[in-house]
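Following this line, the structures themselves.
The two complexes that follow have subunit A in common; it is paired with subunit B in the first and with subunit C in the second.
Then we have the complex of A and B:
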């Protein structure tokens, strides 16, 4: 349909191109101006020209040039200049990559997703940069004498012995004793010193499903207060028959994910202030960790209440509803051993048998 | 019409698989609302540790200064070698020990320290045996040092023999 229409328009417009125009074609040399400039002599006009050029060094500095001092002008200005009339506003909706009106990237200050910061240099970060990183680098140094060649390791994925014709084109087998391929630990050098990547605070509130949502609200506010960031809520994925929790129906948990500045402030606060005040606490169990460098431990409700943010207005929270939480510290270390080395250097005590 | 139908169908299918992480350069019919990230208001707080050292931090607590009474500077877990924090009773006059000698029962009984017991018989033995023991001790110390060196040099070397040590 569209094609037939365009052809119709084309047919209508085509003959116009071939119609000969009325005006004569070719160069137009005729002057249309009617004054007498061409007939006047050039010497008469020279009096109007300035004797000194503007670009010559000896040109006179006028009053305006001498008084031009933009820095002083800006300093002496009492009020802010009015903003320019046009201000870019990011579109409210992202309508996909092919839409002509695309929102700017989140790093752009005009984006709706922009988060400014960081506003401070946390103490934990300073400690890490000044002492912990170099200590870890020293502790993890392995000296290899010149000419040392590391022994060849066998491939992590095993090949099939071609005992059967059906082995042809099969994908490689996983390692013996389980299909899980663990992370490879590379030797630690100056550019892969383990550091804290993010911290997840997670709290499972079973009463939110059993009683009312107030438990969830209080848990969210408490976690937000201690973490400086908004929390997300999650529905249960598994059914717990004894607590009457049905997957997909009950919103039972609260999670805050901390990165960057918030994370470091939270970590410092937890290590310096909260952990020493926990009663009868030996430290984090040495067997915690997911064997790829992330360490988890739990805080009881009475320990969460020790955070200064909750302590400062303790009356705001119903005392029974203050949640306990699980805190996962995600590090860039590849093994739990390295992660534990990092965290113990940053001040988290570990006890018991260290399991990697 | 026969030309347009397959095009429409493909648009519908791409809209359904929009959750995948790969970048699909095709028309997405829905519009996602770009929510402004919400951040709680934070204050700068000066934290004073128990030994007088201070630092600032961003926190949701409106209190400008926080003084801590118990922190890493004065808790035993972080200062295991501090004699000040160690909970040892002051018994210079020996009155507590005398009390225990008189009235002490099972856990409170005034038993001599184990180290002293072990020392006394070795002193009585003849010189030759003590020399042998000293040599054995020196060998043990040397072995221990070697073990420590091994521990340092083999840090992180024995990883990845294929299976997790945790599952054993």
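Then we have the complex of A and C:
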């Protein structure tokens, strides 16, 4: 068996060894685009480049640059330019690739879908890139000697044992002890270091159903103020008899979903301004989390009022109507343990028993 | 098993592209992955046991190295980095675009009519023409709103200028709405991004180069600069050795945190001529140093009580390190260092 297998290898690999190679074998000089660029003498290429950029402080102060004034140029023009020179309206609908007028891509400022940004380089992101990510990578490193093969794990979905003819073509069974398939946690390497993906701010205002919609308006304004993004409103899905809430009738909650720059600025404000000022607060409970890397905690109304956007303008909010909210931090970590490692490195304190 | 099949397998394993694991070097593959028959293993052990060092159970590796534990002690960046000219221009352009595309500022929500704050707001909007305080004088709803790009040499996109505008705006509000008109209120400016230590070139201070990661380097008694390190003693783990090194070299007056238990890099130093140890006939080739990463929280290095004969220390950013250390040493440690 073994002999036949090895001779099979031999039979396969021998012809390959004797095939004349396209490249000359004697000296292996592999050339890449990068070393091609570096091998050329720099003086030849750099002569073509401008020595100073327009953005640098010592930019060229030529006559043309000094006298350039687009506003005066436009005012001094006797005849109006043809409309096509200064006005472009994107067609409203994309009628397909064969249509003569198609809207520009959403990244084009003239597109109707264009969203400006980013406007800054958030501090939280810089901290993450410069110190947190590399520390997490070091902490999560697991050393395996070369040639180590992890022990085989059984399949996550179990097969039927074919003891009955009715097992044929049945879908696979779920795992033992419950039918929830947990996320697979792969070893953390340089390309899957956990990071914050998005933050959801959610506020359930029961008085919006009991009293008037003013509660919901104030809650929406407060959440918009602290998050810098539009909120969505939601109707109740469940019936709460004690509060008189009927599913499908009462609009009771607002939610804002933050990504990118908004999320990072919100996270920074929450960790550095709001959390240190919350009185008698231990931190986020260690048992919080949905066991797939998303951590949720709540803020009381008096804590929400500590956000600087609300604090500077506190008189404008009816003080009783400032909402509390639930904040969910969605991370790319696959387990709560990794998510907690990330968040505690970014400055969120945890307390109590850590549950995964 | 016939010897012929074994030989064929050897040849095949050499010829075929590595099927086992392309990330593992050939010597490791042959050691751990190569399929060895029990008989071959038995003959190997027999050879080892028949060799002169038969009294020891484990074969001693002939050329020996001193194993050192080193620490890469760093102070992370304290402030955000300076923006490049392109980033400044880009962010500014995006802010003005946003001003053109966003809904107008809802003044009625923030300012009640007839209040001093409302009067102040009206005065400012007449000057500035926009609610935003960091985009200069620009009206997004005027006829010449298309003229939203800065000319060469304009200061509006500079962060310093924007901060100054914000502070002046706040001062104007305070002075306009306060009861006492006799004295002018001063709002403190943010601290300078350059510190005193930066201006004096004090490389021992932890208050320097706030935008960069700083690393602790020490000068040995021979005069060359290195990361703190010392030989690992018997029955000591790498982590314990690093803690001891830190205490023995830079004093205990530092609150540090060692990141994990694994080294983040290593440096091999070979002597010019291998030294032969007469007692047991072992060739001594040089030193291997394994570095564990550490972070300093508070405190400062103190060499007065060090037991390693160190002369001096410095906190260096990445681009300053090559001025002090040798080329080989730097090329070995540079991949452990953060870009910023």
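The rule is simple: the second predicted complex is superposed on the first by the 253 of 356 C-alpha atoms of A that agree within 3 Å, B and C clash if a C-alpha of one lies under 4 Å from a C-alpha of the other, contacts with A are read in each partner's own complex, and residues count from 1 in each chain.
Quick note on the criterion: a contact is a pair of C-beta atoms (placed from the backbone, for glycine too) under 8 Å apart; a residue touches a chain by one contact, two chains touch by 3 or more.
Quick caveat: nothing in here was measured; it's all calculated off a predicted structure.
Taking subunit B and subunit C in turn and counting the residues of subunit A each one touches, the greater count comes from B. Shared-chain residue A:120: touches subunit B and subunit C both.
Once the two complexes are laid over each other on the shared chain, residue contacts for A:173 go to neither subunit B nor subunit C. Contacts of A:86 after superposition: subunit C is touched, whereas subunit B is not reached.
In the superposition on chain A, A:139 makes contact with both subunit B and subunit C.
With both structures placed on the common chain, the touch criterion links A:337 to subunit B but leaves subunit C unconnected.
Once the two complexes are laid over each other on the shared chain, residue contacts for A:71 go to subunit C alone; subunit B is not touched.
Within the superposed three-chain model, A:102 lies out of touch with both subunit B and subunit C [touch as defined at top].
By the touch criterion defined above, A:147 lies against subunit C but remains apart from subunit B after alignment on the C-alpha atoms of chain A. In the superposition on chain A, contact is made by A:130 with subunit C only, not with subunit B. Judged by the document's definition of touching, subunit A residues 119-120, 123, 139, 143 lie at the interface with subunit B and also at the interface with subunit C. Those residues of subunit C that touch subunit A in the shared complex are 1-2, 4-5, 8-9, 11-13, 15-16, 20-21, 23-25, 28-29, 31-33, 76-77, 80-81, 83, 85-89, 91, 94-95, 97-98, 101, 109-110, 144, 146-147, 149, 151-153, 213, 259-260, 262, 264, 293, 295, 338-340. By the touch criterion given at the top, residues 2-3, 6-7, 9-10, 12-14, 16-17, 53-57, 59, 61, 65, 68-71, 74, 86, 109, 114, 116-121, 123, 126-127, 129-131, 134-135, 138-139, 141, 143, 145-147, 221, 313, 316 of subunit A touch subunit C in their complex.
On the subunit A side of its complex with subunit B, the touching residues are 90-98, 103, 111-113, 115, 119-120, 122-123, 139-140, 142-143, 156, 175-178, 180, 182, 184-185, 187-188, 224-226, 228-230, 261-262, 265, 268-269, 271-273, 275-277, 281-283, 287, 291, 308-309, 312, 335, 337-338, 347, 349, 355-356.
On the subunit B side of its complex with subunit A, the touching residues are 23, 25-40, 42, 44-45, 47, 49, 55-63, 66, 68, 70-72, 74-75, 77-78, 153, 155-157, 159-160, 162-167.
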